[in-house]
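Some structures to go through are shown next.
First chain A sits with chain B, and in the next complex the same chain sits with chain C.
After this line comes the complex of A and B, so read on.
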């Protein structure tokens, strides 16, 4: 922290730091006084029960009123969405049944072989041989490991969710671009909430409004997956160079033509990044959506774990990963394509014709040869038993060591931190956050005061609605997990940033960690670490380590080559290069990674509630099973507010560091280069 | 040019719409017969344990054979009776246990939007359970008083609970009053709640592999009592008074000084089912399942890895006479 303001004279700097220390010590003294004299101000230690605002009950009543008066509208929307979904389900998964009961006529779905070929061709068209191979391997895995039926259910709902999420996101993004005020006061807060309120929290309202079944799962997925598209659209439109816009106006475009014919095509690469993110987020929702009627791979994972069939759960989970990797690479390849390619249409048509022909031939062939319609069971593979036996072997041979580690972590790290947060008076913690906000945001700047007030208000929300204890357990569990994730992720990211091979391996690991449903590894972890906080922590670390790796590695790699070359020329050792040049320059990116790690850790909370934690995630989960919309939303908001507070504080910190290191100048210099 | 494109787009939209309309409304009328009073789809809920999914699949096969359109919809256990069955998004749920869904069923009954369709047959049992090898370390079992012995409790302890024993309870959403039970009976145990039953049985599997101490909440019908050798702890028999009147039982100052209630498993339906599909309603009401048969079938699915479809088909083939009786 000593390098904050290099222009200030040393004595002034010392005085300023001294003042901050005084403030912190004062706060500590207040805390000690409050604890040692509990009768002094009991309301400041534990938030008084009679001050709690019963927000959940009021929200529940409001929801009841909304459901009563608007369910005609929402049900109409649901039945409208049902049509394309049924079409996609029929084509990919179920076939079409015409007529009733036993005498019904059944039209077949598309053949698995035809689809594997079609996706391979698509890969070849978009990205050449390598992408074709990846698509082929991924879809063949799904077919050969007997996951085809469920995977196609999942794919069908993705095929409908993604276009809706993309179109809605595009719409809101354009709106945000046109009206900055609307953006600041409506869209951005909304996006922040959409990305931090756990999906479980709005499942109940969605169920009540749109009914039980795949459509509700779809709507929840769209809400969850849309934000990156909105952000990408607004950003992409803002980045379209002025001269292109001017040129469009000079050429006589109307406003609408300028937007759709000029700006959107120019912004296409970044827009496609948004689409790619939407696809990945949609796949993230697979498990949660399966709990409210989407079926598919997520449901298979849940069911397999209920009967402790770890191998089967892993295979279904890996099918989700395979689907994610195939769709990710295909959409990235589509994004990388140049916007204008004169030979493209003819080539596209040729590929489309071939794919269509293969699909028709194999599907019709399926009527004669059943193995073309669905792969027979004895032709599929399974590695299931191996995995269960492996876990059993580890369990029998290494449990004592594992259990010793678990006990040590619990007794010496987790429990003390938990007790500290629970015992500290609530008002002291809220004040500490305010102080931190002022410190990071700058006490002389208006933003600093805004930040401090925002942090205090958002944090106090949990106390006001009576969820303080659960909120503190949340902070403790996510905080420790995020620290572990960073300790593991940042060094790995540095390794990936400096060595190409490590980077490639880490890329696969990160992709898998982010799309493999966490439930798959949660159960083996329970077998080895028992039910409780340590298991939850390990699961959170697994999931949240990904952005720490990804952003660090990206940050290191994007340090301009001329800077590293200059440093080497000046005689820096590799170690000096890392500590003096690469890490400082990558710091903003690394901080962004830490920020994302914290947000991901919070988003895992609901999952960890499934292994018996007592945090806000559990509150959301209880609300879901009791179908209490008010309770779920309040707990969800409490989680969101913790996330937003962390996000704002981290951003302020990043800005402060950047200023302190004079990095703003270095960055513009690099950009100009 | 753009007009042409517009016309093309309109054509595509029109054909998609007509296909959709064709497949949803026009065609089913052709096959309209007397038995399916409505061709609308009957939706049967699937939850996340094997027994209920087997029963739902069997019922769907019976109704399909009668000519109904039936769909199995995956949903959440308690959320289904709290929302889906009330709004008619779900038509039937085949397993609601007295032991875990009592409150939700009472709410549903009060709402008048659902209908209790009678007992499924098997009786739900849930209680503290321990593997057989633990009898060596705690010889007084299965009598609950053995658990009061500090040595016995220590045998069930882990470092963070020692010297108290560690009892693995069900998810908090299941209720069960184990914290109260431990208090009322003066057991030197700490209750740890699992978040889901998958986590609970993962711990059991892990402990059983190592022959390590464990005592936990188990329910039946379930595959676990079939796969693992063990016994239920015998608490003082449950009565209604035990849960309501402190004076009852061993501890005169506390309720819950007894075991857990056993209970029925109920079928529930959407209140509108009776009028919309009278015949299907009758069959669903009459549909019952034998406990031993259900246990055996759950074992075939979870332990022998047969598919639910296969096992359900076998059951339907074997019980044609019963099905005929139910439909009369």
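After this line comes the complex of A and C, so read on.
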């Protein structure tokens, strides 16, 4: 098609552009007609109530039936997780009690000091002094700021969730690798859905199946954290060089030997990247999971947020960040570590022995000196009051300015867009999406029609299940936030793409932004802007800006040097170079970044429900508090469908641009992102 | 070590007299959808056009070969001519689309998975162009790997691994990891690993192509030295004709998936079957390839001052013949004189004029 477009005579081209304009104008006229003559077709303006399919109620009934008939299975799964969890909790948080009554023997938990030393040693073993320092600072912070008890509850559940998620992910990844059919028809759609359905949405069915408690929270976390491992495994196995696979055959490996002794060890570096992602996703889930019974830091943040106790929320939130940074750096160091050092096993043993000795000594010492067992209150620091006072001070002194900003944004930006989306007849919006799908997907290609139909169906879903209004609020909030994120992120990315120093600084910023669990963004914003749409928007912008920066700067940097050199040789100024050469060539990549930004914005949306938005996220949240699985799933699906629509449209746009530039070959490479 | 190693005299190596180790008959490998059905539904072999029209790609077409016990058999051709594909068919890493492959007279294509694993564990070894070493194992563990998948006891397999590591001259590097070795050393590990199970049949797919020219020559000498000791049946793929001539007992030249000529280096040089083969052999130093027997003429004199063996290469006898200034006798293995070699003929071969004859 692209080739045709280029070779077509200019008149034909102009006519083709005209036709699109005509189509859009026609749609606009229809919209105006529908609004000005409301009696003409009232069903086209507001989706009629009697057409709504009560999907939520039916799902609820189905869930009830499942719960009633499959309780054996769910109980088996629950007890399978409960046992290791109890062990981890005993070790890290609660200690063990053997026997009961007065003569019960109580074994203490591991001493905080011992654990700080052990993690520091681990850091040194895996990544040298720098990682050791990071681990030491992070864990000391947690201990000194009085977050140790909660942090260990969280760590215990992470320590159990991660291996389960990794093993399950490995299993599905291997399946996907062995059976491409299973991959395309079962695993990949499932992963797509899991990544777009907000984590909240699967809390509800999990809650129903497994009841309120830590085990439910772990199951939800495992489901949430598994997808990157599946993808990493399938990818890693596919990337094992053909030579090595042939060697496995020629060495006479059985299938099992081939997989476990050749393929998986060779694929190890990429697999470890997957493990790192699983850890980060698990941490991301900490606060969300606390809604269905996970204790620990997440629960502290949740409680503090609900009572608007900013200082406490921030402290617990920072403790999550500390845990996240420590675990992220440790697992990355483990991933980077090759089996290069022949003395590695001996060194490992030495470190393990020292760590074990320190743990035992400090733990037993705790029986004599209680401060070793847990840091007494008067030895811990707290910054909570300081934060609260600071916020109070800011609010007293800057209240007017902040409030004016908030009101201005609401009056002049947020509300008009919201009203526009709510007032436009639903059928016009659905048709507009179809038209967009055709335009981006190519009207003469089969894919173009598929895209248009898919976009229309997925979008209409919200109307059919009676969530149109909430869906529109979702689109508006998410859309505006994504636009802001791009307006901030793309220029920063351009800067990073053109200047090495800026790139290095931005790299650190982006890494940090991506390490922070999404909830954390909410805390400072709530402090300043209180609850409402503006708060939600700002938090979403912070959360979603990272990919816009990262992809833009990568896109600019990957513009081939000979092209920029040629442009410079032709006498382009730096500005011309940017606008005429670098930006156009980086555009497909930038679009991918925008795509990711939109998806992140959607996933953050649900979390902002906590600060009182009125969108689909709120619907999921309400379903959660009422334990109504039907409502939760339907609203979750509606969010996922919006995400999938946006994703497909953006991908089609990127493809169109790439073909236009004759870069169609680059498509396969970009598809891996 | 580089230049001193030479092949053993031909008389000891009349390879075609030995039993056939591996043979293939009318082997095809066609890539594309429903390639097998395309081949089955016809009585005569398809032409190149028919295959292309069906949207298929014939990487190996109608190849028949006999590879003899203890022979270095070289498959030679330009990039994309189907050498690797043929080798992968012979080792059954991929299933041929048609044809049969006999190893020691047994049909390899009929072997089920267990049998195939067994054959590969005990009879076959393979060396890969990009070494294909396992990055997470040390040299010692890499070499012992084929034994360990057979559950050979630890002490035994480590001892055997040390033996072959010693054989390829890597003693002292057992505890290194592949990334710590140079390309040449890595390929020595690859060779040691393929020899660990003491295979009868040894496949090498461009084993030296990733190495720089000096190391390549060194490795070729090393291979010849090993072969003098081990006497394996070798199928060696290369796109480098000099390498082929240096190593080969016999060479099969491939073009577009088909074998267009099979013969000793000398036969290829002196009697190229097609213009294409002649093109390949044009720049070869003929004196290294042509033997006294090919350059001699019927005896004319009754008496000779000296004699040369019929299977010696011209290069080896040049000094003797030209220095004497007179024709010398060419003698067969039993000592009988079968012809005479004149200084003119030697000179002609040395300067490559004989091609124009």
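Keep this in mind: the second predicted complex is superposed on the first by the 557 of 673 C-alpha atoms of A that agree within 3 Å, B and C clash if a C-alpha of one lies under 4 Å from a C-alpha of the other, contacts with A are read in each partner's own complex, and residues count from 1 in each chain.
Simple rule for what comes next: contacts are C-beta pairs under 8 Å (C-beta built on N, C-alpha and C of every residue); 3 or more make two chains touch, one makes a residue touch a chain.
A quick note: this is a predicted structure, and the numbers were derived from the prediction, not measured.
A.B. asks: Of the two partners chain B and chain C, indicate the one touching more residues belonging to chain A.
C.D. replies: Partner with more touched residues of chain A: B.
A.B. asks: Does chain B (first) or chain C (second) touch A:573, or do both, or does neither?
C.D. replies: Neither partner.
A.B. asks: Taking the superposition as given, does A:383 touch the first partner, chain B, the second, chain C, both, or neither?
C.D. replies: Neither partner.
A.B. asks: Once the shared chain is lined up, is A:239 touching chain B (first), chain C (second), both, or neither of them?
C.D. replies: It touches nothing on chain B or chain C.
A.B. asks: Which of the two partners, first being chain B and second being chain C, lies in contact with A:262: first, second, both, or neither?
C.D. replies: In the superposition, A:262 contacts chain C only.
A.B. asks: Would you sort A:17 into first (chain B), second (chain C), both or neither based on which partner it touches?
C.D. replies: Once the two structures are laid over each other on A, A:17 reaches no partner at all.
A.B. asks: For A:184 in the superposed arrangement: first (chain B), second (chain C), both or neither?
C.D. replies: neither
A.B. asks: Return first, second, both or neither, reflecting whether A:558 touches chain B, chain C, both chains, or no partner chain.
C.D. replies: Once the two structures are laid over each other on A, A:558 reaches no partner at all.
A.B. asks: For chain A, give the residues common to its interface with chain B and its interface with chain C.
C.D. replies: Comparing the two interfaces on chain A, one with chain B and one with chain C, no residues are shared.
A.B. asks: Name, in rising order, each residue of chain A that touches chain B in their complex.
C.D. replies: 83-84, 86-87, 90, 96-104, 204, 207-208, 211-213, 290-295, 299, 302-303, 305-309, 392, 395-396, 399, 403, 407, 410-411, 415, 522-524, 526-528, 530-532, 608-614, 618, 621-622, 624-627
A.B. asks: Quick check: in the complex, which residue numbers of chain B touch chain A?
C.D. replies: 16-17, 19-20, 23-24, 27-28, 30-33, 35-36, 39, 43, 48-50, 53, 64-69, 73-80, 82-84, 87, 89-90, 104, 158-160, 168, 171-173, 192-203, 205-206, 209-210, 212, 223, 301-302, 305
A.B. asks: For chain A, which residues are in contact with chain C within the complex?
C.D. replies: Per the touch definition, chain A meets chain C at residues 241, 243-244, 246-247, 249-254, 257, 261-262, 265-266, 268, 338-340, 342.
A.B. asks: Mind pulling up the chain C residues that touch chain A in the complex?
C.D. replies: 88, 91, 93, 117-122, 124-126, 128-132, 134-138, 145-146, 149-150, 175-177, 179-180, 194, 203
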